[in-house]
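Here subunit A shows up in two complexes: once beside subunit B, once beside subunit C.
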Partner chain A sequence: MHGRVKIKSTAQQEEEKRKEKEKKLKAFVSARDAVLKKRSAGEHDEEALQLTRQLLSSNPDFATLWNYRREVLLHLETLREKDEVQKLYESELHFIEACLKVNPKSYGCWHHRTWVNTRLPQPDWTRELGLCDRCLSLDERNFHCWDYRRVVVKASGVSVEQELQFTDRLIGSNFSNYSSWHYRSTLLPQLHPQPFHSHRVCEEQLLKEYELSHNAFFTDPNDQSAWFYYRWLLGRGVCVCVCLELLCICEDTSAHPMLCVCVCVYVCVCVCVCNLDDLHVCVCICGRSELSVEKSSVLQAELQSCNQLLELEPQNKWCLLTIILLMRALDPLGHEKETLAHFQTLKEVDPMRSTYYSDLCSKFLIENTILKMEYAEVRVFSLSNKNLTTLCHLDQLLFVTHINLSSNQLLRLPPHFAMLQCLEVLEADDNAIENLEGLYHLPKLEEVSLRNNQICKLSDLESLASCTKLTRLDLRGNPVHRTAHIESELSQLLPRVTALSL
Partner chain B sequence: MARISQIEGNFQFRERSQWWSVTMLSVCVHFPGLTESVIAAACSRVGQSVLHLDRRNYYAGNWASFTFNGLLSWIEQYKQEVPITELEQVWRSLIDEGEDAVPLSALDSSISNLEVFCYARLHEVSEPKEDQHTSDISEPSQSQEEKESQLSSSPADPTVEVQKKITYQKLVKEGRRFNIDLVSKLMYSRGALVDLLIKSNVSRYAEFKNIGRILTYRNGKVEQVPCSRADVFASKQLTVVEKRMLMKFLTFCLDFEQHPEEYQDYTEKPFREFLKNKKLTENLQHFILHSIAMVTQHTLTEEGLKATQHFLRCLGRYGNTPFLFPLYGLGEIPQCFCRMCAVFGGIYCLRHSVECLVVDKVSNKVKAVIDTRGQRISCSHFVVEDSYIRDEQRQSTAYRQISRAVLITDRSVLPSESDQQISMVTIPPLESSAPAVRMVELCSSSMTCMPGTYLVHLTCSSSGKAQEDLAPVISQLFHVSTIPGEEPSEVLWVMYFNMRDTSALDSSSYSLPSNVHVCTGPDDSLCSDYSIKLAESVFHHILPDEEFCPPAPNPEDIIYDGDGPQAKGPGFDESTNTECLESSQE
Partner chain C sequence: MGTQVKDVVIKPEAPNTLLLDKHADYIAAYGSKKDDYEYTLSEYLRMSGIYWGLTVMDLMGQLSRMNREEIIEFIKSCQHDCGGISASTGHDPHLLYTLSAVQILSLYDSINVIDVDKVVDYVKGLQQEDGSFAGDKWGEIDTRFSFCAVATLALLGKLDVINMDKAVGFVLSCMNFDGGFGCRPGSESHAGQIYCCTGFLSITGQLHKVNADLLGWWLCERQLPSGGLNGRPEKLPDVCYSWWVLASLKIIGRIHWIDKAKLRSFILACQDEETGGFADRPGDMVSSLWNCHIQFCICIYILHVISLGLAILYTELIILCGTFLPVLYISIQVDPFHTLFGVAGLSLLGDEQIKPVNPVFCMPEDVLQRIGLQPDLLN
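Moving on to the complex of A and B:
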């Protein structure tokens, strides 16, 4: 048709592009070879800078070239006046900026920039901060830039206050930026420390921060950044352990390392595994509550806010989970029923993590039972028919003599079950236990009931042989009874068991 | 840019004036507004020869953008406009047998009720005492109110205030820094116009700025509308529960079609009632109805949901609000398309218009036009703006009016940290009978006004004269000095006018030959989608088998086969060689 502008066809265009590319590659390869040759010849001149410049501006991730450039710069530095050195490095900074435009996440570029700033006689930190701001406004998750920024802030002594305002700005433009929230959490304790606890934030500021997180999670309750920050605000459990009493309950010192128990303040119990001659090396496992004991009035108010959100968003998992944690911090026993209901909802709305929730729920139930037990001052621990999936805090049950774990969903008695050195009677009927590793060297264990579990092989029962006082064993309803000659094999394995039910 | 393309156009015209007077054109476009410019560009792009005629001495018709001085002379022209004596004798002789003549209107009556008021002092005043005497002189038009207001203005703190105030003299001196649009619209970042600009590569001829914030007038004050996620998070006027309700509602609107159960009971009821039923607080109802959906009290639910959805889909593409604005004013957009048209061989001719159409009696089609200089130009299609159509050719005259006000102010309606933001302000009806007003405040970095000033556009569908519609709103939002002893007005200059809105008309509204395509003028909506869609449909009517505005090729991909000295630009050579264009093929 007449009157039309004729344009090149796609094939033509592609052919041209291909040729262009080929030409470029050829030029790149020859320049690269020239540079590497120069380097091995130990030449440190302007030409080397020029050549590496060309190569790096098209491929800033060529680390060898940056190294070579540093060698050249260090050499040139010795030959020049201070003014000239300043100029030399300033032009280097400009060059790096151009490279960053090619790849804003180039390790080489950022590293080189940090290095240049250490060599620069008079570094211009304001300009560097400006550069970081620009980079972060383009990509707020560029962790190279975050790292570099931290270096700049440290070197130039930007006040914590200014930095906090910086996080305000970033969070304001996009609150799904976890980097900014996290940065905030490192700044706050510096700026508003709590009296006597310098790692915590003072209450006045905390209230402001609570409000900020409310704004974030009410706006978008599915965004986890704010929830994580919120949980940090509410505080993680912090335990101070003081050893009061050293109690040796292990009789057989030759069989395994000495097991000692320290009873600590705040009913926290720590287990220290150590050698006799090396008592001061302790490993502490402690901390029961997820949230530290803030003023309960504050926590109560926070619980109210979260409940308000839950009314609007009954399916929100972050909200449910936070409520559970708040309830636990406030009154674990009083809120037990609600907590269980929330766990049920959680499992429904977030089935991908249902096992995690079950484990967490088990943990809380065990904690509650321990609490009740402590109030009652008994040495019987009973937690049957509670859908337990895991056992934890066994370290806090060291003096227990009777345990009832029947009708749960336990799959195993884990190795640390062996800590229950005072245990005499274990009831664990109607679970799905197939592994008895934890029933090992329990010196006082006399009676074990494992009816209707999943014990299949005789070898699974081998650990029981180390429990020397075991006389009564109930294995009814386990697949193991189908094994040939089971009775004789068992009496051989466990000669002291007198009452065996299969 | 305006100047360049004008020269380009005139140059081509002069070069080939002899040529086009004897050849046949495929498309003749008359009085190019946005729609006509897009049609012209689209036709020219696919190889049609296009002649663009305009009686005016500027581009883009009612879509034009003026410097302050340009606007003042436009006002002068408007005041003086008289019907030009028709040269009937001349063109009568050019009509052959078997042909009919359809004369076009020579008078443009699309603008009416123009009023201008100046509140700025004429000169810098050194002696505060003389202030009252010198300040009452204003140009270009003086009305009763204006004189009163000027006489009465006496600053509270003259020595300080007077120095700071921008004078009328200064406005005129810096006049070329202004780009004042007759039509005020924004571009939805996923609207038809933006899509077309991207698709056709015309976007390369312009630059854009994001609208920084969306404001609304509520309970006697201007406040920011939280519309994006970041806005909602940062908003201080919403409670956290409101934040959740708003976000929840907006999230629902994003894919409301997936949840018909939520709104099916309300399809026949107004959107307003639906919002109420959703238990949204009054705050939120206001924001959604007036500022996000931007619909009226009577709009039905589904339409309201669609409008909300469109708004939300446009968010985040180019920033935190859904809108873009072209630097140097909206008038740039028609010019960009004119440029594209010219690049592909379109011919431009200003101060030159068509006197009448020559219609073939047998086929009832336009075969030529006769211009004001008595030349007969053959063409196979004629595209014309509605205002050129005489009443005799109209079947219906049911058009509406748009009320417009243009203000120059010296401070923002809601000052904030940054004084370089474009703000869009939605003002719900002040009384139930009044129309909702849309206001756009442009800052100087949008290249539409001088530094230190803001250019404010108000638009609404008319219920009366522009001044009657808009003056109450202006007095609510701005400080206009009328009472003695008060500090000087923040409004420096105001212009009111009404523009005809013919968007309700369609081809059935005219009794014209089928190859005459009438384009209606700008409508009163916020975006230009209506005009773009109209352009596309006219284009497909003219050239049913051609693609509408395919991407323009990059300059390096163009093959120049004509090596003559005239080969200056793409499309130039081809079109000069074209003798008879085969557009009659349709």
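Moving on to the complex of A and C:
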């Protein structure tokens, strides 16, 4: 169904084509009917193999025929000696290979080959690996073949190193090599498995991988596969956490973290020393991005390389995005200005993904604001005027009593907003908010300002009825004020609100 | 400069309005000419073909034009003793066609014409030790089949019969470095598989296990300069990915990361104005070759007018006409598969002429509401 083209030509050529198709169709139908008739009669003989061979060569997706063929082969197995069975299935492999030449992407063919190898008294994995090599040299992105290769490698015990070398060769020779990079990503963790973090890669190997990726995107900065892989690599190292101590529960600002185990991207369990004879465990929230923190010098070197590339290719979106991620891993607050500038450039050079970049930038700005929070002032949180298009990390604001979201580009207060159970005052003026789903069951919420938003109907405000302490509500500059009898409707919906501005 | 981006070029004359009536006529007539070559050769997937046709007709509000009784009888004749359902009469049962049959019967609110308990047993029996699902008794494992299994059981209200934890564990073991999913553990990420896995995780209430930001980025990078979507990096765009990529994005709450206007233009350009229906990609570049040819000939003509006599010019013109009139121009081949996914994609993009489509099941939302199925989506 894919990649088919209709060619218009003269009436005569049309007629010739029609006649030819009719002939082909007749042949197909009679062969198909003959096969299915034989099968209903329970016949498992050579003729069945011949008929199915004829049909499957040009119709390898006709799955029922492969099933029938397997039934015949299984039956013939019972009638023959081991060496004849070996020959029977080897001949089958030849047949499958012929089918694969016609259609290298047929699920049926590849599965049948896998099945045949389970029936072969002596499978020849070297030959199978050779088949994979040949097939991949014709089409390096054939995922059927890659999947089959993984079966062969597992069955025959080919080493991880050998397979890594194989991907080395392919990556070096072909620009469309995402499949090879992907394979590498599955091989690396098998090389030197880390005890606690099965998905991490040791530093020595990581440095080799950085170099491999560099070679790829310095040769061709538009080789997107290498950039995808590189982004993943930057998160793989063994974690040495630079704990920012900002939200350490032990409340002792003289504590020095001794050891950090990263539980997830944002949370580390640190063992801190408060004074010489007092060791305790605290949970610290580290301001890290999706990248785990490497030994700083390694990341610094990476950043330098990418900046060099950016000088040569100032409009390369992959480079820009990667630099942003590196800067965040190294020093999110220190690099904030540069990060914002790069995001601006990104939106210009890759406008199709502007909303992605806006959301990502919003996320990073919220993270930075969280980082800047001093323990004493964790209750008041301002995110005003930051071009925010989305809200996130609300789970880190559970103690906030005052939040300012004014002058952004928010379209809604999402359901997670209801997590802010300590919230007393919400300022969200000058956005484009039309949906207040997240403003429900906030037991301490007293004051809400939503001036100049897009609240249109009374029903948009229904969730507020569950906020039983709400007394002050400012809705000036919203389309809802045009609704008939809005004041009386609102006083019915929200009887406890005493100061209402429309 | 380096690599060129693999993409198509949409010609300016490509269709840019939605030709719903033409598509309805195309589907209604499809398969009525049972001696059609492509139709007969695709018998091995007939059940899915019927599901594609019926679903797109229902989305266009034209389901009544299809032959309900004939289809229901056909489905009954395709259920085997083991409970599984085949693509057509005389073919073997398989999970793919079992799902399609259950989807069709759900559209028609006639699920009880088949033995539902046997279907449930069949699906349950295909779950393996590691939680994966085989497609049939011959043992091919693929996350597509995990999706088929849970979607079938969800439509029948029988999700509880399988080992849910193991099923989820298997699908999650297919998650890759880029946040995407492949056929089996270790397989490369592919939009079709991602649709199946995010759909699976939605049905099983496990969407929180997805790295939505990372996967959303990979998915929105499927959009090419033409506005169309490909299925994985360095591949050509195809209208069916307007469904698989878009539905996945909708499920994980990141559909706004796609340039909707450009995608809509691409999908509309894949229509065939003559026959109705959608093809995998817009009409081809040969037309622009045609235009260049004409311009070249006109230049020669002008030169000749200036430098030579009219008689010679006349002869030249005949020769020129003779050479390029029979030049082939290549247009596109439509089919019901791409027609469904083009229309369903447009529905997800918000086209109000089409019924809302459910991104997990690829069925009209009103059908799922009737059944009472509202799988979770991420915000």
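To be clear about the criterion, the second predicted complex is superposed on the first by the 407 of 502 C-alpha atoms of A that agree within 3 Å, B and C clash if a C-alpha of one lies under 4 Å from a C-alpha of the other, contacts with A are read in each partner's own complex, and residues count from 1 in each chain.
What we mean here is this: contacts are C-beta pairs under 8 Å (C-beta built on N, C-alpha and C of every residue); 3 or more make two chains touch, one makes a residue touch a chain.
Model, not experiment: these values are computed from the prediction.
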If you stack the two complexes on chain A, which partner ends up touching A:185: first (subunit B), second (subunit C), both, or neither? second
According to the stated criteria, A:466 is in contact with first (subunit B), second (subunit C), both, or neither; which is it? neither
Please indicate which partner A:308 is in contact with in the superposed arrangement: first for subunit B, second for subunit C, both, or neither. first
Which partner does A:454 contact after superposing on A: first (subunit B), second (subunit C), both, neither? neither
Determine, under the contact definition given at the top, whether A:409 touches first (subunit B), second (subunit C), both, or neither. neither
Touch check for A:156: first (subunit B), second (subunit C), both, or neither? neither
With both complexes overlaid on chain A, does A:220 touch subunit B (first), subunit C (second), both or neither? both
Given the superposition on chain A, which partner contacts more residues in subunit A: subunit B or subunit C? C
Mind working out whether A:435 is in touch with subunit B, subunit C, both or neither, as first, second, both or neither? neither
Of the two partner chains, subunit B (first) and subunit C (second), which one does A:103 touch, if any: first, second, both, or neither? neither
Those residues of subunit A which subunit B touches in one complex and subunit C touches in the other: 1-8, 175, 219-221
Under the definition above, what is the set of subunit A residues touching subunit B in their complex? 1-8, 13, 172-175, 214-216, 218-221, 305, 308-309, 312-313
Can you name the residues of subunit B that touch subunit A in the complex? 46-49, 229-230, 232-234, 240-241, 243-245, 247-248, 344-345, 553, 557-559, 561, 570-571, 574-575, 577-578, 581-582
In the complex, subunit C touches subunit A at residues 2-3, 5, 35, 37, 40-41, 43-45, 86, 90-92, 94, 136, 138-140, 142, 176-178, 182-184, 186-190, 213-214, 216-218, 220-221, 223, 225, 232-235, 238, 254, 256-259, 262, 279-280, 284, 326, 328-333, 335, 337-338, 379
Residue set of subunit A touching subunit C in the complex reads 1-10, 21-22, 24-25, 28-29, 32, 36, 40, 59, 61-64, 66-67, 70, 107, 111, 115, 141, 143, 146-147, 150, 175-176, 178-179, 182-183, 185-186, 219-225, 228-229, 232, 290, 351-353, 355-356, 359-360, 363, 414-416
